[in-house]
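What follows is a set of structures to go through.
The same subunit A turns up in both complexes below, where it pairs with subunit B and then with subunit C.
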Partner chain A sequence: MLKYLLRRLIFGLPTLVGISIVIFVVMRVLPGDPLVAMFGAEGFQRLNPADRARIMSDLGLSDPLPVQYVHWMKDIASGSLGRSFFRGDRVSELVLHRGPLSAEIGVLSVLISWLVGLPVGITSAVRPNSLADNVGRSVSVLFLAIPGFWLGMLIVLASLFWFHYKAPLVVVQLWEDPWTNLQLAIGPATVLGLGQGAYIARMTRSCLLEVIGEDYVRTARAKGVAERLVVVRHALPNALLPVITVSGILMGFVLGGSVAVEQAFGVPGLGTALVTALVERDIVVVQNLVLLYGVIFMLVNVLVDLSYALLDPRIHHE
Partner chain B sequence: MDKLDAARRRAGRIAVVAARNPVSAAGGVAVLVLILLALAAPLVSPHDPLKTDFRRLAAPPDARNYLGTDQVGRDTLSRIIYGTRTSIFVAVSAVLLGTTVGSVWGLASGYLGGRVDLVSQRFMEVLQSFPDLILAMAISMAIGTGMPAVIVAIAVTRIPFGGRVIRSVVLSVKELAYVEASRSTGASPLRTMAFHVLPQCLAPYLVLATTHLGVAVVIEAALGFLGVGVPPPTPTWGNMLADSLTSLVPHWWLVFFPGLAITLTVLAFNLFGDGMRDALDPRVYAGVVRAMTGPRRLRRGT
Partner chain C sequence: MAEPSASRSDPETVGRRAFLRRLAVAAGGAVVESFPGRSRARAAAEQAFQLRAPEPDPKRGGTLRYGVASSPAHFDIHQSGTVANIGAQGPMYDNLIRRDPRDGQTIIPDLAYRWDIAPDGKGYTFHLRSGVRFHDGADFTAEDVKATFSRIIWPPTGIVIPRTPLFSAVSEIRALGPHKVEFRLKEPRPRGFMLSAFASGWNVIVRKKTLEENDYNLRQTPNYPGTGPFRHVSRKKDEVWLMERNPHYWNTPLPYLDRLAVYNFAPFSPELGAALLGGKLDYARIVDTATLRRAQEQPGMTGATYYQSVVDAVWVNTRHKPFGDPRVRRALHLALDRHALIDVVKEAAPYLLGGFVYPFSEWATPRNEMVQRLGYQQDPKPAVEEARRLMAAAGYAAGLRNVDFVVREGASWKLWAVAIQAMLKEALDIETKLRTVQISAFFEETQGGNFDLSIGAIVSTLIDPSDYFNAWYGTDGPQNYSKWHDPAFQKLVTQIDRELDDRRRRALVRQGEAILEHDPPFLPVAWEQLSDAWYTSVKGQQPRHIFGIYDVARWDVAWLDK
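And now, the complex of A and B:
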């Protein structure tokens, strides 16, 4: 198991390097001059060419591209991730300050998606084509189509309109003030959770339907096992594996979606930081955050693969 | 007379396929309506989507502006109708571009195998390691905002899907006896690929191209919402939602209706895509192709 984990991580390294190169190239073909973004069009005009060159070299943007890339790798290795163009803060501080909130939103949303998606999927599969199944499926189809950030905006608007309630807008960590922190996280987590829940419900239904048709389930029924136990003990564990895979793939949906959803709720998480950096064309922040999202996505999928071995004794990772 | 008969029979078969899956058929009809709406936008919209009216700033829905006006007095309904153009045009071109590039790449890498295959597989893996929206955001920001930039940004996120699916089809098809036969009679790799392998990729390509339209619509809207989409003043649903946030307390009609338009469009594309996938499932594929192309007289007995 440990050996498998190590091998996965080592094989993941070239992919990570690939990801970093792709981001680096994408960020550097940027046609807009970062100085224009920093000083505004007027401020840029007032700078004389010598100043421009000096600032560019201060920012490390006048070095040849491979040198810039190596600098970035060094910044990553040192743990500081480089400094923001605008605030001069270390990007690592930004990540440590805002990351926990976004991580919390992500984890909560996965929990919510399972809490909502599994029961709906199971209910559908146990009585296919019943009223409950049809309602469950229709609602899932609807939630697959609703963009999360719009649902978020509607929730914010409705709570403001009917309850005169507005969630706090400052970063509050879980360990500082759990109640305020929860108010920040619960909205985005619910929206993202319902979006994923729709996929989970769909997958659970189709996998469970398939498993329920198998011989060993019939055997269990023939033995006189109670129907509830047949579903929960016999059928469900085998149906869960693909559902977990989907949940892992959905991490991409959560990571990407959280950026827009955080923006919709005005939650000051990593996603909001990424959007701000994009608008300000703060290359250093953008490249590090995008890399971070890529790394998290990859690690989650390694975890998903590992969880197979824990759940299914037939799978050995050797 | 014979032609008319054939056409009638063909229409009958499509009706049979549609009747078996009425929900997807409804999705298909909705897609058609959306496309017509996009084409006929100037005829259908009651007002000019760009014309500001400073006597009617942020007016709620009434008899003059059915869905109200925004903060600078532009008609919401007209902007939504024009937004259909951007949304559908971007989604369709991005998915076609991305899926086609990915498919051609997958075809080449699957057929050629070896080092080409290895390198392209790694590259696809890298592309797939980014969450869709984040990759699209970075690319759209990098090549500068504008419709082509948005189309390319969304297309890039679709490449690995086309690449992986088509590659796997090619890998299984190229071992089949008839492809081997073509190769053994001395056909060049290009000819074999074009005449014997490519036709087998048509169904999965169509499924890919239709099932990803909904996602593309959402990404386009999200990019607009985050300020890296098709830039204003072009009316897009994402821009409209972003604009609604500029007032302290957003007006409900400026939030509700553009989002509803996104949801309905995605719903229509998703249902249509699901229907295509079910219809083009290899087990029923032959029947549907016959329904679409009419009876094949030449190859009786296959």
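And now, the complex of A and C:
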């Protein structure tokens, strides 16, 4: 297992290097000038070429691209991740401050997706084409179709105008004040979780329907095992493998979706920081956050692969 | 980095005798000021003006939760041009003189309790308060004023300060003792203009030592000491900036508030409106129209709209054929139905009808005259007919094709671009291709001349035409994106800059306006107004009469009636 894990991580490295090169190049090729955000429109217009060259040099943007890339890698190796162009803050501090909240939103959303998706999927599969199945499927399609940021805005507006409620304005960590922290995380997590839950429900339904038709399930029923046990003990564990795979892939959607949903809820997580950095053309922040998202996505997929061995004894990781 | 020079590139030569004479005057002044009777008189003079809340019995205490764009790209107020700096950092600093926060107009004492203007108009002497301390405990002296303004007026390499041109006539700054400073001018400028420049909210006083220690660049120095009513406590990047009352503030009993929490919200954003209406904020700056309306309807809340120092316009690239022809530009100018354009965006933000001069200023053509003028009338037909005639005279009766129209990313500009596209097509058969770009790319495109038409907005520091006539319409003006040049106008601007008589100056401005109408450097779309909303428990803050959001940002007279 350890060997397998190491191999996966080593094979993952070229992927991460690829991601880093792509985002590094894209951020430098895209039109737009970081000095506009730095000096404001009025100040930017008064920059003379000499000032401009000097400031670009101070920011390290005048160096040849390979040199800039090496500097970035050194920053990553040192753990500081470099400094924001604009305020001079370390990117590592930003990640440590906001990362926990975004991670919490991600984990909560996966939890919600399973809590919602699995029961709906199982109910649909056990009673196919019943009223419950039809309602479950319709709701799933609805949540698949609704964009998360739009649903988020509706929730914010509804809670504001009906209950005069607005979530806290600043990051509060779980260990500082769990109740306030939950108020921040629960909205985005629910919206993201419902969207994913729809996928989980549909996948659970189709996998379970297939497994329920297998011989060993018929045998279990013939032996007089209670229907609930047939589903939970015999059918579900075998139907869950594809569902877990989908959850791993959906984690990528959570990471991507959290950018828009955090914005919609006004939650100051990493997604909001990424949007701000993009607007400001804060290259250092953007490239580090995108790479971080890449690392997380890769690790989640490794964890998903490892979980196969736990769920299916036929699979061995060597 | 070299210390900024204390005089302009052509300083007046100071001989040995002149130097000794000045030294004697400065030393004598310092000695005379130390006499007891003189000190008492001086103390009385310093105390003669003390700012108070507009209400009769303000209460002390409480934390004001203020929502405004306050995540600055850097921390150097002098180098900034955005509310993100002044909105958050303004309460920590003082000026030499300032606009009265109670009416937003009158220039009142600040760190200078008195000022004298030489009869020839070439000298401005400021008498500074004694006993004022920076937040780090250091004494405030004339050297700090000299260092601050030297950097503003003659910025060192790599430092860019948008207010530098306001002081182009200043040739020298002299510290005449510890609490007196003189600005010498090469040639006189209108008093109103110069005092407005000194009173600009951007020109906050910082310590000489702070500047020296930071190589004259405060972009990455978050908490440099000021003398202002509030002191820095903590800052969470992009979230909140906390400040506490400065207990040693010279203007006792200000400030009334114990703490100020400045939360970061984008202007016009639904998040800002939601935070205010949800009770998480006491005061919100630059709210959208829907939030303003709700606040005005809701008991216990209110709101106000005020003038902003911004014009929204379409620039026309005079270096691209046929836009170098004044007839074509005038035709485009006349083809815009400005009343309809203001109506198009009224749900997003309130705008004002106007031409090339701030429409609410004393310099502007009165509105009743303005609406009689072609291009500003309710009925656009006569203007469109004239526009068609001009296009025909210029040889473009059949219209134009493939006109590149760059649109700055933003709700109002996108709405306007579509409306203007339709107006130009219908009135003049001009076909435009819209190209929306982010702000970071917009200025690259416009400054690089990569456009035929380009819609966006520009800001000025002062309401005085000498500021924006040079910056917006001047041949080398930094915001003259159209690369417009008119020798007669340039000559007129020089006269306007130098004319000391208000009446004659106003007449010159009108002449300039006439040139701009017939040979437009850009197509004015509308003039910005902004709105704030707040709970009525917030007192002392009255933005209705202010001009722009940059001069009145200190919260020293605000108090909470809770």
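Throughout what follows, the second predicted complex is superposed on the first by the 316 of 318 C-alpha atoms of A that agree within 3 Å, B and C clash if a C-alpha of one lies under 4 Å from a C-alpha of the other, contacts with A are read in each partner's own complex, and residues count from 1 in each chain.
Just so we're on the same page, a contact is a pair of C-beta atoms (placed from the backbone, for glycine too) under 8 Å apart; a residue touches a chain by one contact, two chains touch by 3 or more.
The structure displayed is predicted, hence computed values, not measured ones.
*Asks:* Quick one: subunit B and subunit C on subunit A, clash or fit?
*Replies:* clash
*Asks:* According to the stated criteria, A:V259 is in contact with first (subunit B), second (subunit C), both, or neither; which is it?
*Replies:* After superposing on A, A:V259 lies in contact with subunit B but is clear of subunit C.
*Asks:* Of the two partner chains, subunit B (first) and subunit C (second), which one does A:V243 touch, if any: first, second, both, or neither?
*Replies:* So A:V243 meets neither subunit B nor subunit C here.
*Asks:* Identify the partner contact of A:R281: answer first if only subunit B is touched, second if only subunit C is, both if each is, neither if none is.
*Replies:* Both partners, subunit B and subunit C.
*Asks:* For A:L108 in the superposed arrangement: first (subunit B), second (subunit C), both or neither?
*Replies:* Neither: A:L108 stays clear of subunit B and subunit C.
*Asks:* Looking at the overlay, does A:L160 come into contact with subunit B only (first), subunit C only (second), both, or neither?
*Replies:* both
*Asks:* After superposition on the shared chain, which partner residues are touched by A:P14: those of subunit B (first), subunit C (second), both, or neither?
*Replies:* Once the two structures are laid over each other on A, A:P14 reaches subunit B alone.
*Asks:* State whether A:D89 touches subunit B only (first), subunit C only (second), both chains, or neither.
*Replies:* After superposition on chain A, A:D89 lies in contact with subunit C alone.
*Asks:* Applying the touch criterion given at the start, work out whether A:A201 contacts subunit B, subunit C, both or neither, answering first, second, both or neither.
*Replies:* Neither partner.
*Asks:* Tell me the contact category for A:R54 with respect to subunit B and subunit C: first, second, both or neither.
*Replies:* second
*Asks:* So the two structures are superposed on chain A. Out of 98-106, 242-250, 260-268 or 278-286, which stretch of subunit B collides with subunit C?
*Replies:* The superposed arrangement places subunit B into subunit C at 242-250.
*Asks:* What residues on subunit A does subunit C touch that subunit B touches too?
*Replies:* Residues 31-32, 153, 157, 160-161, 279, 281 of subunit A touch both subunit B and subunit C.
*Asks:* For the complex, give me every residue of subunit C touching subunit A.
*Replies:* 71-75, 79-82, 157-162, 164, 219-220, 222, 236-240, 263, 270-271, 274-275, 277-281, 437-444, 447, 458-459, 478-479
*Asks:* Give every residue of subunit A touching subunit B within the complex, in rising order.
*Replies:* For this pair, the touching residues of subunit A are 14-15, 18-19, 22-23, 26-27, 29-32, 141-142, 144-147, 149-151, 153-154, 157, 160-161, 251-253, 255-257, 259-260, 263-264, 274-275, 278-279, 281, 286, 290, 293-294, 297-298.
*Asks:* Considering the complex alone, what residue numbers of subunit A touch subunit C?
*Replies:* 31-34, 36-47, 50-51, 54-55, 58, 86-89, 94, 97, 153, 156-157, 160-161, 164-166, 168-171, 266, 268, 272-273, 276, 279-281
*Asks:* So in the complex, which bits of subunit B are touching subunit A?
*Replies:* Where subunit B meets subunit A, its residues are 122-123, 125-127, 129-135, 137-139, 141-144, 214, 218, 221-222, 225-228, 241, 244-245, 249-250, 252, 255-256, 259, 262-264, 266-267, 270-271.
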